[in-house]
Amino acid sequence: MRSVGIAAKVTAPEALEHAMRVAGELRSRGLEVCFDDETAAALDDPGACWSKSSLGTHTDLLITFGGDGTLLSVARHAPSHVPILGVNMGTLGFLTEIRLEELPGVLDRVLAGDFQSEDRVALEVTVQGPDDSDRIYRVLNDVAINKSALARIIEMHVLVGGKFVSTFRADGLIVATPTGSTAYNLSAGGPIIYPTMSAVVVTPICPHMLSNRPLVLPDDLTIEIRIISSNQEVYLTLDGQEGLPLSEYDRVSVRKSPQTVQLIQSPDKNYFDVLRTKLKWGEA
Amino acid sequence: MRSVGIAAKVTAPEALEHAMRVAGELRSRGLEVCFDDETAAALDDPGACWSKSSLGTHTDLLITFGGDGTLLSVARHAPSHVPILGVNMGTLGFLTEIRLEELPGVLDRVLAGDFQSEDRVALEVTVQGPDDSDRIYRVLNDVAINKSALARIIEMHVLVGGKFVSTFRADGLIVATPTGSTAYNLSAGGPIIYPTMSAVVVTPICPHMLSNRPLVLPDDLTIEIRIISSNQEVYLTLDGQEGLPLSEYDRVSVRKSPQTVQLIQSPDKNYFDVLRTKLKWGEA
Amino acid sequence: MRSVGIAAKVTAPEALEHAMRVAGELRSRGLEVCFDDETAAALDDPGACWSKSSLGTHTDLLITFGGDGTLLSVARHAPSHVPILGVNMGTLGFLTEIRLEELPGVLDRVLAGDFQSEDRVALEVTVQGPDDSDRIYRVLNDVAINKSALARIIEMHVLVGGKFVSTFRADGLIVATPTGSTAYNLSAGGPIIYPTMSAVVVTPICPHMLSNRPLVLPDDLTIEIRIISSNQEVYLTLDGQEGLPLSEYDRVSVRKSPQTVQLIQSPDKNYFDVLRTKLKWGEA
Amino acid sequence: MRSVGIAAKVTAPEALEHAMRVAGELRSRGLEVCFDDETAAALDDPGACWSKSSLGTHTDLLITFGGDGTLLSVARHAPSHVPILGVNMGTLGFLTEIRLEELPGVLDRVLAGDFQSEDRVALEVTVQGPDDSDRIYRVLNDVAINKSALARIIEMHVLVGGKFVSTFRADGLIVATPTGSTAYNLSAGGPIIYPTMSAVVVTPICPHMLSNRPLVLPDDLTIEIRIISSNQEVYLTLDGQEGLPLSEYDRVSVRKSPQTVQLIQSPDKNYFDVLRTKLKWGEA
């Protein structure tokens, strides 16, 4: 490893401070460090090389300081071969398992190439306009289709593997990866999915039909969503972070991304440990 | 009864046709008929007296042709003493129980003053801005606070009867009457509430905290909701029909309206008959 | 007040110890103390006067040491005029709000007649056999009808106020008071109901029909449940504590008990404080 | 194919009648037909060869007449190489897709070896007693652990792949295959799982902890459930049909069965067609 990309939660002074400190240590070991634009600006560091979406493409390792949102903002753009190390600022995240105290030991092992990581499925989202132009996005957690706040229910036709599933009348629809199953999907009534499964879950948001329950599908089937409500504002949201308006005749296709996302694991806790803590299962 | 207000679903030709026919019959009986502006425009009838929000104030009886939405659009503005007759166009509604075939008999009885009606609780919604100006609205079904499609979760402080309940982090929050309990509230996971109860239900939409369950409250407690997310677009929606943006320091108070809404009941079906049909309970 | 009934959780040595200590203090103030049979046996105290079901009938005040279960076991038999003081052993209960440290101050005020209490609705459950014999029970939290573990789904006809509601095919059915809404009802998907409302909630347990949602009803309507599955073992459970088998032609009627249950309130916390703590709403 | 096993719903005269008729046709084509004991007794036919649990082991094809229950009763014992044809009696089942009218055409193709079938995952359930004796069962839909009707909540430790997941306090726990996901699992709040996925779902029944949500797992991890409630009656139920009491120190292990179950598919409907019909998604 020669080059390390670092992103921090820019609204958290502590995250910025630790990002800076760790960058110094890495540079003193002879590694090249670059921050994403935003973090660099917040730190007033000249090490800004790339935007968040390019940081992974030009580095050998990504480290994030902050919560799951900070990790998602770089991870969903990162190629498979770049391991990602999420350091939390005191509150365990689903994706940011590493505590600050663990970081020195974990980092030594990562730099030595001696670490465990998990390849997580990401989704490729294609929005095809009426002119057959394609816009392509990638998410690690989920893609959501939502009505605008002032709209009434939206109607969507959903096809899976080319077969018609149903017309959904709902506030919206979430397609989540196993990684994203504990995020928006869980709030909308979806199940928890073991993170390394080859699965996606399609979960309607406040469906009009009470039997429209979450649907777990193999990740090698393409999910196609056609908005059939006219005169409604409908939006697409990527990992809860980026959004774009959809037009009436847009078609949204969701399939497994050819690139997985490689998350470095904490050496001292497993998936169920994280679930128990985050969902407070251990408490009376 | 001297004056009858009529509103029809203007996108449904059949609803307009029956509205016109029944208006003719009423006029031939010597009654004054007026349509709301929209219906009058669609019918090209000079009988437009008032907007939907004023129709109930200037008539002795309201008749709607269409679905629950058509009834709601006039009913939430109507004073208690004006009975409302909801005629459905073939599909039973929760609020539009009367079938076209039943209408002649029901109408004769209504004009003779011989009918059953139910007084339904409506809610008064006050939006108080930072300058202490008050905007006041009335709903029959529900008031919803929603994040915009592109926003992340919103945070709200909820107080009931002046006591702090909790901070809700969610897509939004619904306050529904018993009448509205079978509408948006049901899709969001709330219970069915018997229509004549003195109750409201506060139901979070996709809450981040899974134990944030719907809360049924007596309707004589004021519910106050304070948006505490900054830099988020938040909207208020009235009966799923009218919406307005909220500002960051707006406070929303919901209390029982001093005026109830008087719905004329079908002589041949009760509340549970409607539930069974609408929710398909009777089927295998 | 001349006579105090005390019940403790007999499997909790600490509860027994405090029950004994408080009994001593009350006796030294000249009050008569009696324990229920079980507590007396566990304490080896000769003060056993009555069974749990009679303790309230023969005393002026009831104090329980333990959890909600201990309180329920005496409260559901107690007449309206006897206030009940639930002391928890470290873990706040929905019904046992008083901490040990608060007890001396609260007890002084209670003995001086200077306290706040809330009258909670209780339910009267009548099981009518094919020979028209009636067995009558009373619950403070809930009455549940359950299939046996080895049975398949059971089928029940439910009538409310004499009107047919639906046939429910489910593992069972809960009828809960507002007080009991945070117990079994919540686990089965029912809403939280403000404790002093005149309401009951009918919640099916794992219903076959997904639109069979919880139904909140006014407490002055009688709920009648008829088991229509033949050859199935079906049981009735009272407050999750006492159970009895039902026969195929038994009818279960649930109505408001003429007697409420009088719970002494903590001077320093309200209902929402308890909800927030018990349901962990305050946590991140 | 030389030998065909037939099972019918013995309480449905129509099912018995068609079973007899089809048996006659198959015999006239020179095939050997045998019924399971129960069906043979109901038909008074001497063709009873085997019990339901052995019928699949000694025949080349299984045909069932009735609902999903009838199919399950033979299918969960059948070896992988024996295709199973489920004929419904008018009501489409999740597992019994073939209508009587379709049967002649489908049967011709099946006998000619020209048909589509799907291999469905079955589960092997091992109950290990304190003396290390093993009892082994197989299910196609689900295995459920349930408290008795009169018991309170039960407590279970769940381990997955040897790792501790959580302590569940609930009425019970369901482990369902994708095939079984639309049965008991759906009523208990679990998701729908595409039938050919290598997945199981662990769904608590009325959990005390509201964040104990259904958990979808890969089917190559062993799920181990240890009952830790003492003095409670706890039962194991296999496909909702057979049950047995568990002792306090019994351990239940659930893993993928080495044998799948081979279901013959209707030539004219796919999985989503069945879902839409059964869950009434197509209706307004």
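For clarity, chains are labelled A, B, C and D in written order, and residue numbers in each chain start from 1.
The rule is short, and it goes like this: contacts are C-beta pairs under 8 Å (C-beta built on N, C-alpha and C of every residue); 3 or more make two chains touch, one makes a residue touch a chain.
Just so it is clear, the model here is predicted, and its values are computed rather than measured.
**Q** By label order, what chains touch chain A and chain C together?
**A** Intersection of chain A and chain C contact lists gives B, D.
**Q** With contacts counted as defined, which of the two, B-C or A-B, has more C-beta pairs across the interface?
**A** Ranking B-C and A-B by C-beta contacts puts B-C first.
**Q** Specify the chain most distant from chain A by Cα centroid.
**A** Following the centroid criterion, the farthest chain would be C.
**Q** How many angstrom between the C-alpha centroids of chain D and chain B?
**A** 46
**Q** For chain B versus chain C, what separation do you get between their C-alpha means, in angstrom?
**A** 37
**Q** So, what's the distance in Å between the C-alpha centres of chain B and chain A?
**A** Each chain's C-alpha centroid was found; their separation is 39 Å.
**Q** Could you say which residues in chain D touch two or more other chains, in rising order?
**A** In chain D, 186, 210-211, 213, 279-280 touch at least two other chains.
**Q** Please output the residues of chain C touching chain B within their complex, sorted ascending.
**A** 160, 163-167, 181, 186, 190-194, 196-199, 201, 209, 211-218, 221, 270, 272, 275-276, 279-282
**Q** Would you tell me which residues of chain C are touching chain D in their complex?
**A** Residues 146-150, 152, 170-172, 184, 186-189, 205-208, 210, 233-235, 237, 240-241, 243, 279 of chain C touch chain D in their complex.
**Q** For a test of understanding, state which residues of chain D touch chain B in their complex under the given definition.
**A** 91, 210-211, 213, 280, 283-284
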